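Structure first, then comments.
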Amino acid sequence: MPTGDVTRVEHPLLAGLSDEHMTKIAGCAWGDRFEEGEYLFRVGEVANRCFLISAGRLSLELDGGERGIIRIATLQEEDVAGFSWIFPPHRWNWDGRVVEPVEATVLDGEALRALKTKDHDLGYELLLRFSAVISDRLEATRLQLMDVYGDHG
Amino acid sequence: MTATRSVYGREGMTAASVLDRHDFDHLISALTEEGYQPIGPILEGGRIIYGPIGSSSDLPIGKTDLHDGGLYRVIDRQDYALFGYNLPSDSWKQYLFPPRTLLWSANRSNGSFTVQPAIEEPPRLALIGVRACELAAIAIQDRVFTGTHPDPHYLSIRERVFIVGVNCVQAGGTCFCVSMGTGPELSDGYDLVLTELIEGDDHRFLIRSGTAAGGEVLSRLPLVPAVPSDCSNAEGLIATAADHMGRSLDTDGIQQLLYENPEHPRWDAVASRCLQCANCTMVCPTCFCSTTEDRPSLDGSSADRWRTWDSCFSLDYSYIHGGAIRSSAKARYRQWMTHKLATWIDQFGTSGCVGCGRCITWCPVGIDITREVQAIRTEEASHAHR
Amino acid sequence: MCTVTTAEVLPDPMLTTPMVVMARRQETADTFTIDLAPPGGFPFEPGQFTMLYVYGVGEVPISISGDPARPEVLTHTIRRAGKVTQALAGLKPGDSVGVRGPYGRGWPLEAARDKDVVLVGGGIGVAPLRPALTHIINHRADYRLVSMAIGFRSPKEMLFVDEIRQWRQHFDLDIELTVDAADDTWRGSVGVVTRLIPMLDAGEQAVAMVCGPGVMMTFTARALRDRDFQPENIYVSLERNMKCGIGLCGHCQYGPLFVCTDGPVRQFSEVERLFGIREV
């Protein structure tokens, strides 16, 4: 349930953004709160949201069939959930389930896409910042893949 | 005078004297009477090694040795020199730091066990024919084994040793002690030092003591005072040896050179030739790495713990659960050479190399540490110009 | 002649002292903790290790994982990995183990006084940090903000489960826990331990103590640097093959360092160069 409009988004993702760009982004953002057990998104659904988390914990997970639920990452304060809105076909690849009540600024992906097409400077800023998020996530995933605590004897 | 420079100010120092070749066995018997087991160069299996000696006839009389990368031959000399060879294949290390040492034994009792120290009367050894580079190596191992946790096994042997040094009057094909600042003349740390002088039938030794114990032995020998020409002859011969080093190693900035080039292509090149046989570490007089072995008796009632020489060229050497840290030949050669020439200085305030050249002579494929350093140095220079 | 000290007066540092196993706890499928009864006590500094000997089998270096304020108990947490740790795993209360030590340089608990402290432990690397955190808890007023990030492979490979729960109940400790992989019965964080580092409360002059597998320490140091930690304020615990524990056997060399006597704990600034070299 949206808790109202915002004029400024306080989140590391958007730190240092110009006032002009901030105003434009704030125009497609709102604050929201999600309770334990709620899904922010489900695999396969259209991805038209991005969540800039300021509190709580969100689990990225998948139903692994006979393996049960597989949890791949937990996102928390200062993390960003959702970059599928950037790339066609704009579908979520994971379930996002709330483990501890989440407070987040929600961005409207459709509106962001329109913004960045119209204003390439803003588009550049956004893609640069989301690339950093993706890069961090990739690095963390590689580390998990390495299974550093495993028994490699 | 070069020959006396080395002993100034030392207790028990004497002026140089002369011991005739025909009286040389007096030295061996004096040492034996003092309770020492004389160990010296002997000819065995076509090579000169160190072993127990009873008299000068056990020494490799009239023999010398040719050294080059992966090459060694004992050949005849034109004279009857006792110390006319360059360097035996094995070093004094095997006496001071034996290849195998029993550390202790445990006995099982009532579900627990008790530990008994290895009780063995340490030998009193007189090392006869210690070269300058070898005495430098012994001084290096002294530092290694007397650090924060002194090793009583080493010390119990070391502190009983009597050292008879022999100055080099010739240099072998793989010698580079001059580069490492360790020879060819002994400067310190000996009980007695000899220089062998042969002119036609005149065969004598210039001799002097470096310690009170050395002076004591000296006082029991039939000596004549040295004349100035004896000293200048010895000095000349030693200088000639210094001028005829078979190899040289440029140590200038060597730590920085090796620390800055851990990925130099030369490491791959040398690794492709290296057989990982560990010969270099076995013959090296300073290499000190060891491992431990546990030997339970067949019925399990006792278990011995041994220390044995080990080598950084073995795969097990760097093994931690999961695998060996230095799994490639390149990494192992790099570890050995970088330790020997660079990190050793950080650890012990001295290079780990004394320039004896054994690792070159006894490498089955003739890998030459001096050439490897030079290659990294020159190829590094050429990199810099790109 | 040799001018060194006389061997007769020296105790032989290679002699081991038998100690009786008082208790044994299974932590996970492959990891266990044993308490030994050291005759006369066994004072140690957090981060130090001992050489543990199993009769007739061999000797291994193991970090001490117990409480430094209780020298009457000598505790090690051990992962079954090789021949000797396998034999240690088979010990029962009443059996004996040979002990030498304590050896090595421990955690900089003096240098960290009056500063913020961040501990980061991964897997069996949590064990050597446990005495450090225990010391800090025992002397809580000596330190400012204290936090710890702990990572395990999975919930069932967690060590010190009850104790971590107790630590988390301290109002003046921030203990963050994560696992690399989990199912939906796990309510905590999932992800690598480095992801916890931005969340920890600590100022720029904070002291970090890091212990875990090499890869984990490399990435943790990087994450700490991203938080403007000074490289000289980051301490890591190194691991190498060791045969003697006292700087004589050569096995534990890491560049110029003998990990047994110069380490295992070193400033990251001192080893950063070596971290970048393969197979060093």
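Think of it as A, B and C in the order they're written, each chain with its own count starting at 1.
Everything that follows uses one rule, which is that a residue touches a chain if its C-beta (ideal position, glycine included) is under 8 Å from a C-beta of that chain, and two chains touch if they have at least 3 such contacts.
Because the structure is a prediction, the values reported are computed rather than measured.
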Geometric centre: closest chain by C-alpha means: C
Greatest separation from chain C - chain, by CA centre: B
Averaged-CA centre spacing for the pair chain C and chain B, given as whole angstrom: 39
Chain A-chain C separation of Cα centroids, rounded to whole Å: 36
Chain centre separation in whole Å, for chain B relative to chain A (CA means): 67
Touching two or more other chains - residues of chain C: 81-82
For chain A, residues that touch 2 or more chains besides their own: 151, 153
Residues of chain B engaged with two or more neighbouring chains: 321-322
List of chain C residues in touch with chain A within their complex: 30, 81-82, 122-124, 151-153, 157, 178, 180-184, 186-192, 194-195, 198-199, 212-213, 215-216, 219
Complex contact set, residues of chain C against chain B: 1-2, 4-8, 10-18, 20, 53, 55-59, 79, 81-82, 85, 94-96, 98, 239-241, 243-244, 246-251, 253, 255-256, 258, 261, 273, 277-280
Touching residues on chain A, where the partner in the complex is chain C: 57, 59-61, 68-74, 76-78, 99, 139-140, 143-144, 146-151, 153
List of chain B residues in touch with chain C within their complex: 103-104, 106, 108, 111-115, 117, 122, 142, 144-153, 155-156, 158-159, 161-163, 189, 191, 211, 213, 259, 262-263, 288-292, 294, 296, 300, 303, 305, 307, 310, 312, 317-322, 325-328, 330-331, 335, 339, 342-343, 346-347
